[in-house]
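The two complexes that follow have chain A in common; it is paired with chain B in the first and with chain C in the second.
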Partner chain A sequence: MPASTIEVKDKASQRAVDVVVAKLRRRQIFGSHETALETVLLLRQVVAAAKFNTIDQLLDMVRRVGRRLVEAQPREQSVGNIVRKVLKLIRDEYAAVAGPISQSGTSTPQLPTGLSRQPWASSVANFVLLGHPRHQGSSLSLAERSGNSTPVSVEGQLLADESNRKVSSIKPALIDAIQEVIDELETVYESVARNARDHIHSDDIVLTIGKSRTVESFLKAAARDRKFIVIVAETAPSYVFFSDFFRCTPDPLGKIVTFRYLGREMASSLSSAGISTVLVPDSCLYALMSRVNKVIIGAHAVMANGGMFAIAGSLVAASAARAHSTPVIVCTGQFKLTPLWNLHYQYASVDVGDPERVLSSVGDGGDAPEGVDIINPWFDYVKPELVDVLITNYGDHPPAYVYRLVKETYDDEDIEI
Partner chain B sequence: MSSTKHTNGLSRDPQPRGPPPNIQPRPKLSKAERRDLQEKQKAAKAAAASSTNAKDKPKEVEKTLAVPDKKSESRSKPSAVRSIARINQPSPSKDSASVESAETEHVLRDLRIFSHFGFTSKIGSSATSTKADIHPSILRLALQFAEFRIVGANARCISTLTALKTVIQDYATPPQTTLSRHLMTHLSPQITHLVAARPMSTSMGNAIRYLKYEISILDIDLPEQDAKQFLCERLDHYVRDRIILADLVIQDLAIEKIHDGDAILTYARSSVVEKVLVQAHQAAKDFSVIIVDSGPLFEGKRLLASLRRTGIKCTYCLLSALGAVIPSVSLVFLGAHALHANGALYSRAGTALVSMMAKQHSVPVLACCETYKFSNVVPFDGFTKNELAPEDGFESRPFLQSLSPLYDLTPSEAVSAVVTEVGLIPPSSVPTILFRAGVQE
Partner chain C sequence: MSTSPSRVTSSIKPSKSTLEGAIDGAHESGAFDIISAYGRQLQNEDTPMPIAAVLALTELIANSRAETMYELVEALKLGAATLKRGTPNPISLTAGCDLFIRYVTTARQESPSFSDHKNHLVREGNLYAHNLASTCREQITKLSAGFIPDEAVILTHSYSRVVIQTLIHAHKRKRISVFVTEARPLGLGVKAHEILVQAGIPCTLVLDSAVAYIMDKIDLVLVGSEAVVESGGLINAVGSYQMAIIAKAANKPLYALAESYKFLRSFPLSQYDLPSHSPNVLRVPTQHASKSSTSASRNSTSSIKSARSSNRCHPMGSRTMGNKSSASYIPLTMTVDQLANNPEVDYTRPDLITLVFSDVGILTPSGVSQFLVGIFAD
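The block that comes next holds the complex of A and B.
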């Protein structure tokens, strides 16, 4: 990994990038929401301090920063999602500014007939470009680039000056758009929980596993209007997040810090909000499933096919729900939607936790016999057939619709950053 | 046993005679009669406290369990002592119709839903009066049960029979009565004390039923010492034939199913499966074992230690990792607490999840179960019969309770075959085996 690549000319921004990259690699920021927030704040700083002449320079800068962030922590898909979102915002803002103006030789982007004048546009490319009105923006920049590199004609120079002014004019709008993303991220829990009372009925018995902040706010919002019971599975051996681990202090007797399962954290949080909670070990999920009305879980990342990475134990819970025909509801924010597919990690974990935690979760401490493999995956892959609905901050969708959401949220050329 | 009686009855009466009115229909009527009586008593109570009941009814929302919940509320049976104590608490003070009482009632609503599981009561600090006539070996055994030092259907059955043998040996027939008539009444409180520590397992139940049968057919003229010796011998043979030898046959049958290079998955700790794996390793089969474990007991860790001593290659994980390990598994071995008449496997909580995942990935599931664990009951889910682990060290807060059922029910479709001492049978053949066993006895 190149340690001293300069992605951004501005020194302060470069330092900020290095700091976030280091935090990601050391897992000092952990979890999709936290990493997304850090990424978008960083990108806002980068864009605000950026100096660029063409839109491509800006796109390239953001892409290089994004690539470095994603390589630092490929398991946090929300980092890549935010980068893709910012790239799309840049193109959108530019298209909004540059769109309606028609220059010599270049056509208005909306009319497909103008494309036929382009020397490189074949009939098939016409077809493809019909579905991507924004590609005219890049074709525009192509002409500009050629105009900039060989300013043979005065017309080309005029064109270049025009575009420079346009390019620098998008910055305030761009910063505003990025700020909207930040606001969306900060209010995602409230937005997802907006219609919670419509999904949970009186005296429902709801099952959840692990500790998802989205699900937590969802249930607490529903509890304002409905009385229901929540069964929380302990979700051993997942403990509090890594970042909290570093903040834990040992107790005065010098013994090891007692960790609490994520499920227990969730249960105590829900019960403090006045929701009747029952804490159960993971083993009785099947036994209790015949009484459960719905299963509500959170996701770490949602793949383009509607499948998702969720905390280890979700696959078992969702399969048991499917065996009992119990609906499975997933609460996510839209920032978790990823255009990637899970081809390499089918049924395997994306991330692996500390094996010592598996042993210490067992009664008599971690004296493991020699030569034993301990498996502690952090995530499960839940295939889309096991999920019934995704509740996001922009509405409820079936998993089969996720590919459409992904297509609308991100640009195709950004799938590989 | 009941099947034996049934066949005997049929062979004795070839002509369809009207049954004597006070013998055959009584078992059916008395239950209904008892229920009617209870309903009448409850109605009387309700009429007396009409205001509280009127408020109670709209809050009774549990659909399927409405009737048995009311029964458990009115019946003062010792099965759900603690839950009843908690349920009866707010009823006199229901006049304070504040939000508080509604909230506490709301929390209590969950207790009712799961209350018929039967809470285990701690007998360590002698909640139940230690009568002078409970044998010390029974006292010791009950403590061991209550503290989960002896777990597992086979272990509990063998230890129970051993303790009962001691009781029989120390038993002295009182004058004016015979051993075959009085011994059972002497043993009953001992068994009740054991059940108070932990609900009786099917294996224990079947063994005790066998003991009762042996006592009932004892020759009256047999001198006391001979009778006691005979009984102890019969118990020894029961353990030897139905458990020890059965396990050896199961080992041989199961080992045939293990091939070199297999990855075998097992859940928690079954004594039979442990023996199978150790035996297979000694037979120089090359395989690896994946142990899946889960709370509240974490028995898999002990299995891990025991298998590592023999040198078997082991992998250990918890139940949440099941999705990650199951694609590499070739065979699943499960232990059984009981096997029911519809082929459903009643075993440690979590077994159903393991077999469900295995079935989804087309991995064969073999349950190892001796025939003495077969049961005539037909349950549908893990709620018909279950046991809750005692919650220790759990900080109680308002609105938060903990629930750890120890067993669950695996539907028969998820089990590929059952390895028993009579061979590899499909789970649906359980009633046939029971019938055969009944006739032979």
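The block that comes next holds the complex of A and C.
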């Protein structure tokens, strides 16, 4: 989308949007947490600088910015999640100020789907959609039909005008609400780890893979009260995060200065926190599983059906765990819950890492074997059946409940940004 | 079937004696006959059973002389119970009745006059019934579109309007091919096959017994439903359950398509908890012999023979049992009696269902019960 159609008038915000879009595209911001944080900071700036007369204008503006971000990097699902969350916040704040009359002045904002906003919708249909008898307004459909024949009733027009005047006054509340999202993101690891001691028992043997900051803080929090052993798979060949990769390659020739296995980093980090840690190669996960009490892994994104994308190797760990009936625990912040169903990439990796990582494990920085293609998938899709529980910053949930959390967190109208 | 005792698991059914008394009373006063109203509504082929039930109840309100809410709701409950008793397979119409009665009991009365309120209810009921069925299906079609990949091979069971619509919708955008089961005993799969072929979809008719054979070629299974129950399980034309078991064994996703008016507040634990189940269904031959009025003292073999002789146009498979080298190998079909002994619907357990697509959104099977609780909990 050309930048000229973006309705962000403010030059500074425009530039900030362009910068974040470019960074996302170049993978200079990488990882669900980092991208989420960048997104919400950007949106705060956009909203703070925005000039708008109606709530629709503001929503549209935020949605346009969000669409650019999502299109810049569709693999970072948390970008879209944060945009949806901010849109929902705007709607909620507005509803709190303007009361039950929504932007069009004909339907209540609480209605969960776009379906009910159609003129034919009877109160029975609304009743079904709302799923709760107490919330329904039976006068609603009458208003809708009268509003259908005559453009908008005079009373409704007056109300709409009045609420428009209130629009500009919601900005401070809106900024506060966005600030809460930022605070939540900044404390998400501690929040997830809050009940760690209830999930890990003394003398447990816990297996993990990759280096998830959520899992790391979870295990360290548990280590304050419990003595347990962590087995870490070295997670070859996913040596570094992309962001680390950019940071640690100052060499203009593009030579990699340092290599770090994610698993090794995780192991040394846990070990320095005083946890008994065992580092193992990825290939022996199945063999070790019979001794493991629980598998704890992080997620990149959790889909609406409870399935998730996680670092490559997670599927091996989860499948091996299932074969031994070992519980699989997923630690994730709620900002990773994505209101999308895993449609098109069910059995394929969504992202592919640098093949040089695979190459360099062949020889020392070495040459590719002749005529061999090399790919380095970055993520696994782990099906919901393989996951036992999701530990989030707002409590523990079974995977089958994710769709509900998603429904509560985001507005149905924002699912497609 | 209509003589079999009704086993509707609804809590609103009044005791039999009061019910019959009331019905007699209704007939005497020449009042509204809900069963014929229901039948009239069903004559329109596009009207699904739950919606026909809603329309019949709406007519009941329009004809009702009730002066208070309590009277009206009692009359509705009575009407629903009559309707259920008068229909051989009351499962899906129960869902419509329950929903509408629940709506009436919770609707707020806006005008001071009760007759105005009744008119309002009638209006709303008609509006709902006339608009919703097709819109529901469109919504489901839209939701499920993303789950059908290009070049998908889809297996479906029997005939379902929403499945057909979904497949035709998908066909316009993607290359799909479809296998449809014949769905004995009604053979509605043949009808579905015809419609799909007419729409230009590569479509093959499959024997019900060949589902396991075909399963490895399938990408996903789509089934419609007669009702979706509180456990998240599914009541559908018989054969859905075995299809779901086979799909699960082969690790293929099974998606159920169900309009929200098919959500039924019932919690069957097994096949035999369904309202449509009666002791007549699939009984053991000895029981058959002892209960049958014509062949009380005969053993099972002779009863089969008698059945054969009484239905010469339907030579039976059992013929080959005693006489394998039978020269005249006539097409094998079951007798009407034998068919009547078989179930029409079965119950598919929720753990076999991947997702339920409905007009209120995409639900996991456990989400269905949450939705039902949302509507019916006080």
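Convention: the second predicted complex is superposed on the first by the 336 of 417 C-alpha atoms of A that agree within 3 Å, B and C clash if a C-alpha of one lies under 4 Å from a C-alpha of the other, contacts with A are read in each partner's own complex, and residues count from 1 in each chain.
Following the convention adopted for this analysis, a contact is a pair of C-beta atoms (placed from the backbone, for glycine too) under 8 Å apart; a residue touches a chain by one contact, two chains touch by 3 or more.
This one's a predicted model, so the numbers in the text were calculated from it and none came from an experiment.
Contacts of A:W341 after superposition on the shared chain: chain C is touched, whereas chain B is not. Shared-chain residue A:R404: touches chain C; no touch with chain B.
Of the two partner chains placed around the shared chain by superposition, chain B is the only one that A:I275 touches, whereas chain C remains out of contact. Of the two partner chains, neither chain B nor chain C is touched by A:A301. Legend: residue contacts after superposition of the two complexes on their common chain; A:A95 is shown touching neither chain B nor chain C. In the superposed model, A:T235 lies in contact with chain B only, and not with chain C.
More residues of chain A lie in touch with B than with the remaining chain of the pair chain B and chain C. Residue overlap on chain A between its contacts with chain B in one complex and with chain C in the other: absent. Contact residues of chain C toward chain A in the complex are 99-100, 102-103, 106-108, 110, 120, 124-125, 127-128, 131-132, 135, 139, 146-147, 149, 260-261, 355, 359-367, 370-371, 374-375.
Contact residues of chain B toward chain A in the complex are 61, 103, 106-107, 109-110, 113, 293-296, 298, 301, 304-305, 308-309, 313-327, 348-350, 352-353, 356-357, 360, 381-383, 386, 394, 397-405, 407-410.
By the touch rule above, chain A contacts chain C in their complex via residues 112-113, 115, 118, 120-125, 127-134, 136-139, 141-142, 304-306, 341, 343-344, 400-401, 403-404, 407, 412. For chain A in complex with chain B, the residues that touch the partner chain are 202-203, 227, 229, 234-238, 267-268, 270-272, 274-288, 290-291, 311-313, 315-316, 319-320, 323, 347-349, 358-359, 361-364, 368-377, 380-381.
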